[in-house]
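Right, I'll just put the structure down here and ask away after.
Chain IDs A, B, C and D follow the sequence of writing; residue 1 opens each chain.
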Amino acid sequence: MPPTAAPTESDPDVGNPQVPLDHRRSLYETMVLSRVFETEAERQYKAAKIGGYCHLSSGQEATSVGVVAAMEPEDILVTGYRCHGFALAKGLSADSVMAELFGREDGCAHGRGGSMHIMDVGSNFYGGWGIVAGQLPVATGLALGLVRQGRDQAVVCELGDGAVNMGAWHESLNLASLWNLPIVFLVVNNVYGMGTSVERASAEPDIYKRAASYRMAGERVDGNNLDAVIEATGRLLKIAREDRRPAVLETMTYRYRGHSVADAGLAYRTKEEVAARRENGDPLTRERARLAAQGLTDEDFDRIDDEAKRVVAAAVEFADASPEPAVETLAAGMYAPGSAEQFERMRPGSPFGEEALTFDSGLGR
Amino acid sequence: MPPTAAPTESDPDVGNPQVPLDHRRSLYETMVLSRVFETEAERQYKAAKIGGYCHLSSGQEATSVGVVAAMEPEDILVTGYRCHGFALAKGLSADSVMAELFGREDGCAHGRGGSMHIMDVGSNFYGGWGIVAGQLPVATGLALGLVRQGRDQAVVCELGDGAVNMGAWHESLNLASLWNLPIVFLVVNNVYGMGTSVERASAEPDIYKRAASYRMAGERVDGNNLDAVIEATGRLLKIAREDRRPAVLETMTYRYRGHSVADAGLAYRTKEEVAARRENGDPLTRERARLAAQGLTDEDFDRIDDEAKRVVAAAVEFADASPEPAVETLAAGMYAPGSAEQFERMRPGSPFGEEALTFDSGLGR
Amino acid sequence: MTPVAEKPEAAGVVEMTYREALRLAMREEMERDERVFIMGEEVGLFEGSYKVTAGLMDEFGEDRVRDTPISEEGFVGAGVGAAMLGERPIVEIMTLNFLLVAMDQVINHAAKIGAMFGGEVRCPMVIRTPNGAGNQLTAQHSQSFDGWFAGTPGLKVVAPASPADARSLLKAAIRDDDPVLFIENLPIYKEKGEVDLSDDSAGEIGRAAIVREGSDLTIVSHSFATVRALKAAKTLEQEHGASVEVVDLRSLRPLDTQTIAESVARTNRALCIEEGWPSYGVTAEIAARIQKACFDDLDAPVERVGMAEVPLPYSKPLELAAMPGEARLVDAALATLEGSR
Amino acid sequence: MTPVAEKPEAAGVVEMTYREALRLAMREEMERDERVFIMGEEVGLFEGSYKVTAGLMDEFGEDRVRDTPISEEGFVGAGVGAAMLGERPIVEIMTLNFLLVAMDQVINHAAKIGAMFGGEVRCPMVIRTPNGAGNQLTAQHSQSFDGWFAGTPGLKVVAPASPADARSLLKAAIRDDDPVLFIENLPIYKEKGEVDLSDDSAGEIGRAAIVREGSDLTIVSHSFATVRALKAAKTLEQEHGASVEVVDLRSLRPLDTQTIAESVARTNRALCIEEGWPSYGVTAEIAARIQKACFDDLDAPVERVGMAEVPLPYSKPLELAAMPGEARLVDAALATLEGSR
């Protein structure tokens, strides 16, 4: 995708006038929060406060914030493992997400899921999944559930450019179209799947065109342009809700950091490429310019940045203060209440230590 | 697909003049052999000489014979479980196929594979597979093997209209196109996958159009028109061999019998539908008319029918006379020669009877 | 087409096949709870490849008895998602062999939800599928992977052996709030037994049953292997004067080792049998637990029998030689009865 | 980026990591046989997600070190097909967890070819993949399904514990004419050991090794569990005066029960450990075989330890509590040493 030219004085990009300034401002605040959160997460990872795999979405904020901005609160969001930004946009608190990254009891999944498995039913965010494309059949089923329950919401299912070559993509899109399910498959095209570029992975690099194989609408937008993302997502979600037709939306963006914090991210691309992407069309820079064109001052932006830093710093404090899960709750949540009774006769002859496992599902919350 | 009008006196369909009469005649002989073979297989199944699943291809002879007619002997054929007709066309003897259906030592797989797993490396027929779409990745790998070995042949991989909704289809086609492999994916569209019509299974019922998702050529032909099948297959195979580009060929045909011998085949379609298909555009009737238009007499056709019946009757005799596999060879073929030594230390404490298994792979042929 | 069993109205004890008992349980639960629906290949118009769902589409409509394309990974996952939203899907997989293409959704999605999301969401779904061999279906279509699922924390695995248990445990599985793999079996569908239509209650998951009492040897089995065990036990009594107890596991996870251990403590000898390959199979776990729980009770090593460890061949004599048929069961039982002190 | 181990030219015994030993074996076999090639996600340009194949694409080119899209079912199957034609593919699966999406190609295709086609065609392929847990990778990424494959007739399953065995057995797997699942492990990649560069021979599949001699207890293990076993054995000797023998299985199918049985016949006590879930796992089979082969030798029940039977949680303290760490191994060993008579 050719880098979008940055706005110049001579032609100020004020963005879509339909979007009220205060709304645009709050969306920008979320984008900044997301960027600051990811930067801090990387720092905490390197400080060994966070472990496992940690996938950052810096550079993709216009997609995560824009998509969620077009969703109704009751609409359901499902994503892969690169989910922090989406979770914050969907309304999870920085506290509960950071506490989850720290693996603490107050994390949204009580420290059981970690970075890849953020989720919060109350916010209609159904995870946070780690198997490439594995979330597609699940999201398709959530859409089926909405239809069966006669609810008129829709599902947005995020996946990456590399995930579109998995069989689960094909089966899910076919089912969604055949059954007229209210779901938008959001392909976040950030150019690479780990170290493999779209051209090296997909025989049809124009991913959105694959929707045609299912008689489904497919669109591609500049994923770094907040307004474009909001507009396209909103339109496709409306069709999903009202006409019960699914769609594919491909947002063209870029991942600034490595695939995960463990990856320097330079074996398969150059420093220069990354720098050029940061300079041209960075979603925050661009949105900031629009807000400036509508009168926000440097002081306003400083306040926004400071507030984001404050919230994230508070989240780190909150996470650090939250208790580690108690070892006695190792098996908590695995099975539904009442299961302990089903398992009680399994103890004789079981492997060393197994007798100790308790199956009550309460997490003491 | 609208039934193709049968040829009339006023407008005699003589077929493609490029096809020499004697060649056309021998192809017709194979089509008749296939029909007679299937009819006899059903009879033998009902006589309990054949067991397991038995999928017949009566009505699909122009596709199986036409496709193979366009292949070079060194080209590789891979199919699903509906494979008798393809096997006979690829050059396996009725004897070895019937003996396999009877589960006898002289069967092409020594009675180990049965109806679904006919295969013969000598004829470059690599099976005969039972998991829907499971043969696609394997066939893709055979095409990769051809390329690695610098051979200029190609692979034809048969699958059904129902198989195109499996993830393996998507992954295989993407790999074949991305890697420029010499393979033609042959979709035999016989309207149903068991009891499910294409419209009820595929969001894009024009299956050949799905090739576009992989920047691959996709074509549809009348699968009951021998000449059309030969022409399209030949052209796509030439491209596969010379330009190393894969393709999808969809042949429109119809299955006269049930999904397998166990299925009456009427829960999902009417007697009338089946009868109409038999009357309009039956591949044998049509080919017979072409041959008649080129001078073959009723006596010629009677001779052809009689010869086919003779060959199939002889095959039944051959199969019946072939020995049942010896129980001592239960594990034969499972592992390569030399493996017995690797397994000899596994005996102590093994489950009852396991010690008796012998791992030599020789099948005493 | 298999007749549909009488409706519950016709109360009382009636004889029906295992297949009819399953169909009855599904109809009863679908009438009881509208969140329950069926998904799978050929479950509707075709009336089920093995006719288990015959008639249900006519009765409940295409939405609640939903034919799917051939896309196991897709529709098993669709069941997972629908269940997360509170629906109660019953996903039919034509045979267990085909679950191989959907393993990721079962093992790495359905089974993980409860624990991985900290108990904040559940996955109340049932996957019904037959395992087994015996009709020359050959290597790719004759397998039993029961132990793989039973060894997966987060799943529950149920595999009843009688029509009455098939009905009550399928009802229990449907009402359970966790993902349950409900393992059926091809030859068992036609087995007959008595079912009490007046009792609409669900069975208890995690409880084995002593289906035959005896004092010399305990045979431990599940699903069709229990049918085999009961026949072999008769033969052993009549022809060898051996008194054989048979423990039908009914569920593999949770596994009722307590009932097994109590039985072996009485008989002092155990034979574990299964339809699938015994090495690294279900009987390995049973034997490992018995030798630990009953170490001082055992008078002979715990013996195991299953399918011969080869990809099942098509040839009838070879297939017969590979199956855990009555002759092999009796021989194994006699060996166990004679073994050691 | 991990340095590439010296070339065989520099003969003699050198120390290298398990990771380097694997890389060396692949390089040697690729130089030896042009039919050998590598396929997998990120094996080339990215140099392997765990750097095992680092440098090989530069050395052998993009055709013999082939990066694939994320399509495990597709490229595992492509390996099967290429192998049927006589090629010798080494398919790398990033971690064993991802093999779940390709199970059908492994279990119902690769494993069936030899027997199902009557020995008329073979499938000489290797699938390399690490199992294991311990780095907070959480429920979907911390599994070991070793037993599932070891229980599948038609497959061979190898899982070495030392760099020397990793090299010689990977060479053996590559030269073998059957499909071999070569199970590696995440934490084991950095383990160091001596490798004799002057010996280019392939190891023997189906032979366990006594990697530590002892007289009071036999610990049976494979892959990283053997590394744990050796540490625990030291502690048991130093702090508890127990003499512990360690049998490293090295291959799970075939399984060298003879070496295990001979060891237990001497020590009279056995503890089986594994990285994965023990119920219905590898240790179940080992225990079942030991109790049969060594019934009269055993002074105590065969004990088992593995990962706690929960989907592995992310939280570090919970993960630690779930792993078969040294403390649990020592406790289990002491319990086995004290058990029964």
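The rule is simple: a contact is a pair of C-beta atoms (placed from the backbone, for glycine too) under 8 Å apart; a residue touches a chain by one contact, two chains touch by 3 or more.
Computed from a predicted model, the values in this text were never measured in an experiment.
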Message = When contacts are scored as defined above, which chain pair ends up with more C-beta pairs, B-C or B-D?
response = B-D
Ask   = Centre-to-centre on C-alpha atoms, which chain is most distant from chain D?
value = B
Query = How many angstrom between the C-alpha centroids of chain B and chain A?
reply = 46
Task = Using mean C-alpha positions as chain centres, tell me how far chain C is from chain D in Å, no decimals.
result = 31
Inquiry  = Report the inter-centroid distance (CA atoms only) between chain B and chain C in whole Å.
reply    = 35
Ask   = Which whole number of Å gives the spacing of the CA centres of chain B and chain D?
value = 40
Where chain A touches two or more other chains at once, by residue number = 109, 111-113, 117, 129, 131, 134, 165-168, 171, 174, 178, 200-202, 331, 334, 350
Ask   = Mind pulling the chain C residues that touch 2 or more other chains?
value = 69, 71, 73-74, 97, 100-101, 104, 108, 115-116, 138-140, 153-154, 255, 279, 283, 288, 291-292, 303-304, 309-311, 313
Request  = Sort out for me which residues of chain A touch chain C in the complex.
outcome  = 107-113, 117, 119-121, 126-129, 131, 134, 136-146, 148-149, 167-168, 171-172, 174-175, 178, 331-339, 341-350, 361-363
Message = Under the definition above, what is the set of chain C residues touching chain D in their complex?
response = 73, 97, 100-101, 103-104, 107-108, 111-112, 115-116, 138-140, 143, 145, 147-148, 150-154, 253, 255, 277, 279-285, 287-288, 291-292, 295-296, 298, 300-304, 309-311, 313, 339-340
Message = Quick check: in the complex, which residue numbers of chain B touch chain C?
response = 51-53, 100, 103-104, 109, 111-117, 129-134, 162-163, 165-168, 193-196, 200-202, 267-268, 324-325, 327, 329-331, 334, 350-354, 357
Contacting residues of chain A [partner chain B, same complex] = 165-171, 173-174, 177-178, 200-204, 209-210, 212-216
Inquiry  = Give the list of chain C residues in touch with chain B in this complex.
reply    = 41-42, 45-47, 49, 67, 69-71, 73-74, 97-98, 100-101, 135-141, 278-279, 283, 303-306, 308-311, 313-318, 321-322, 328, 331-332, 335
